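In this document, chain identifiers A, B, C and D correspond to the written order of the chains, with residue numbering beginning at 1 in each.
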Amino acid sequence: IPLSSSNYLPQSFLPQIQEQVRKIQNDIEELQQRLCADYSLCHPEELILVGQYLGIPKPLLKNCYSQDLSLVACLNQLHYGLQFYQGLVKALEGISPELAPTLNILQLDVGDFAANIWQQMEDLQVAPEIMPTQGTLPTFSSSFQRRAGAVLIFDYMQGFLDMAYRDLRHLSQS
Amino acid sequence: LQDCVDIHLSASVIHLGAPISASCTINTNCSSLTAIATKIVWKLDWEKLPEHWQHQREDGTLGSNITLPHLNHTHAMLSCCLLLAGTPQIIGQAELQAGYPPQSPSNFSCIMNLTAQELTCQWKPGRSTYLPTKFILKSYNSTSKDNCQSRKKPIQHCVSEDGKNQCSIPRSQLPLYQKIDIWVKAENMLGEAESPHLCIYPMDVVKLEPPILQAAEARLGPDSSFPQPGCLKLKWEKAKSSKHVEQMCELQYQHPGELSWVLVPFLNSGPQHAGEYDLCGLLFATRYVLQMRCVRSSLGGQLGGHWSDWSSSLELTTRE
Amino acid sequence: IPLSSSNYLPQSFLPQIQEQVRKIQNDIEELQQRLCADYSLCHPEELILVGQYLGIPKPLLKNCYSQDLSLVACLNQLHYGLQFYQGLVKALEGISPELAPTLNILQLDVGDFAANIWQQMEDLQVAPEIMPTQGTLPTFSSSFQRRAGAVLIFDYMQGFLDMAYRDLRHLSQS
Amino acid sequence: LQDCVDIHLSASVIHLGAPISASCTINTNCSSLTAIATKIVWKLDWEKLPEHWQHQREDGTLGSNITLPHLNHTHAMLSCCLLLAGTPQIIGQAELQAGYPPQSPSNFSCIMNLTAQELTCQWKPGRSTYLPTKFILKSYNSTSKDNCQSRKKPIQHCVSEDGKNQCSIPRSQLPLYQKIDIWVKAENMLGEAESPHLCIYPMDVVKLEPPILQAAEARLGPDSSFPQPGCLKLKWEKAKSSKHVEQMCELQYQHPGELSWVLVPFLNSGPQHAGEYDLCGLLFATRYVLQMRCVRSSLGGQLGGHWSDWSSSLELTTRE
């Protein structure tokens, strides 16, 4: 499969991306507000110890352009990151009956975003690399661990999404 | 992964205002925590709890016991934290719930709905318990001789958990013409309470659908009966679901827009399911609004029931 | 169990009976009208041959008082007849989706009526005789046979109910 | 009990007006019927059918064949009868149905509802078929490059049998930001037909919920902005389900009771989900009714969508 000669994403791609990222961030914000209001879990900085023994990895938040990656490599890195977070969000299933509907919608929104990135790579006729998923996902042995894990995962995802959006905007400028 | 932190409560659901105790123990095998184990601090929701309410254990295990003298929250999260560089790190949580046991439900009543084919009972639940509380409508087949003292078969229970304060038993599970012993029981984690019992024939609490009221067609011919001046001729018909029930009906009428109605106690409609009626003594060339309602009855008066709602209004004008 | 010394039913029993019989006869009338309107099966006299090869027995319609039976014997005979028709109505299950709801209501109404007669015998402290149910119920091997059987069974039931009502009224006069 | 009578139809469902044939055969083992077997007479519903349409078989079996030249009933019962003492005895029946194959559904359109989280498509069914007809909403994932010519995964079908002429696919089964090939297929016992296909991004057919319009609170203080004379200050907020969608909105206002509205094309609301707006050039001390609606849009105009309904009205009065 030949590499595309373009170094930028089509202009028409960015507005969709913006909308999808805003949606996912709104979903996460709603879950963060509920975890704070219903369970008094409001500050990720109070859950550092829990995060360590649950083994929830902090994200690497280095932009594509600061790593000087090509369009293809950048998209691959983003897609890989999204899949990683999809896995983490799936591990949160069973969190509570009240949060389950919003968590379900978040899963669908993240899945749609990852599929859209993949489709874009196919449209550019580049081969998306199927990379093996990183390590093992955390397991939660109590409701508290699942909720605390959620607070950390959501905090990390917001940072990842901010970075992903800046990268995609950078890749859309012609 | 064995759990690092164990939190135990003296009870997960308690009476509002009662004391509650909890213990937080750090497993000695848990190196990530025992290495930095400092002071255990407790929080209730976002507030740090007073130090003198808790005491750390001296027996070699890493842990703390705490007693809250009065729990005044209906729902709160109790967090066990380790102080790390001045910030309390939450390492475990327990969910606290407090409320009241249910009071006896009151104003318990039942209505048999022939159209929906179900017996619907309602009650008033008593003061708020602040806890998930189930209301179970319980009933038994009984005999008529001894006011439901002797029970026979149980009837399938009906549960109301959604705060609706009513529950319906389908007709297929009830004897319509035999007595049942029926009541509602409220229960939650702190206790249970029953309403007074009713001993009833389901048909004796039937609420009929209103009759259908229409203008009678004017018939022409030798025995034609044009409405007399000052009279209105109406046609009534029992609702389909209660065609078999012998009913007594009454009529009320008024001038459109007035506040008060004139009540006309009616004939015993008997077993017929439709008929005509002449309402007389009215003003000439005047508009009237009429309504009709019916109740289950028989000549000896042995049959019980509730009055139906008033029928849809019928507007008619008398002749000049 | 001693025989009651009364020869008549309590006055309060008759109005309930009237209501129940009217209800059952209304149910049957509705089914008869639907079988005529939807399936052109309007006249039992057109189904004599079918009735014979289905083996649907005609009822014996002799009033209690013309047989000079006691209160107890009359109630037993009525209860037996009701149970017999209950069985026939049950054999009609599966008749058609449109008629099934009304057939179901008819079954409940006949069952309630039989239970009420039984209860009355218990209240009078007489021993209801549990008589073995008569013979075998007809089996229907086509929709037409079930519908034709229904027309005949409903026609016979109307006659039986008229007779039952006259008997019970007779037994209620003090 | 072996069946005594066999009735066969040339077809159980035919085209309205077409001919139909049937045969009625009495099993020779069936003594109760063979003993009295006389003439076979056919009825369609309650009418006896003409003798010359049928002929009894001469081959030793007891039976008759009949052909109806044109079946003009959409539903009828065909009865096979034996004459007994002048009365036709029905011994078997067959149910006849006639109608038309479905026409292609027309006016096919789809709307994405973000609140209900489903894609709802509607169509016009074409002339009445008089037969039970199923409408199946079919769709496939597709690629954007070739106008849905190449299909990928099928999406779960949605069936409408109740005459509602619409069907909804839950969002969980759809790609919101990728093209789908979608159409509706009508089918019954006599045939099938398809509507034209649509090739769309589900988000491009989104219909937003209307925004929420309220009076702005008057703020006091150094930078207070009392509404100017002839101006009204309003506060708007996007509906919760579409907070993430960049929208363009417009305002309309009128005097209460008037027929015509004044339209105010609005700012591109952009990504903010709430804001304030000053509407000026109005009369002093006058009552106005205002409404607002929004559509999905972006600066380059690449995003599609339907205008929301107009919001609930807001009634405000300008200052003296």
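Operating definition for what follows: contacts are C-beta pairs under 8 Å (C-beta built on N, C-alpha and C of every residue); 3 or more make two chains touch, one makes a residue touch a chain.
No experiment lies behind these values; they were computed from the predicted model shown.
Visitor: Approximately how many whole Å separate the CA-defined centres of chain B and chain D?
Guide: 37
Visitor: Just curious, how far off is chain D from chain C if you go by their C-alpha centres, in Å?
Guide: 46
Visitor: Taking chains as nodes and touches as edges, what kind of graph is this: line, ring, star, complete or other?
Guide: ring
Visitor: Which of the chains are touching one another, listed as pairs?
Guide: A-B, A-D, B-C, C-D
Visitor: Using the touch definition up top, name the residues of chain A that touch chain D in the complex.
Guide: Residue positions touching the partner: 11-12, 15-16, 18-20, 22-23, 25-26, 104-105, 108, 112, 115-116, 119, 122-123.
Visitor: Touching residues of chain B toward chain A in the complex: what are they?
Guide: 1, 3-4, 30, 32-33, 36, 43, 45-46, 76-77, 79, 81-82, 84, 87-93
Visitor: Hey, which residues of chain A end up touching chain B in the complex?
Guide: Chain A residues touching chain B: 39-42, 45-50, 52-53, 139, 141-142, 144, 147-148.
Visitor: Within their complex, state which residues of chain D touch chain A.
Guide: Per the touch definition, chain D meets chain A at residues 117, 143-145, 171-172, 175-178, 203, 243-246, 271, 298-300, 302-303.
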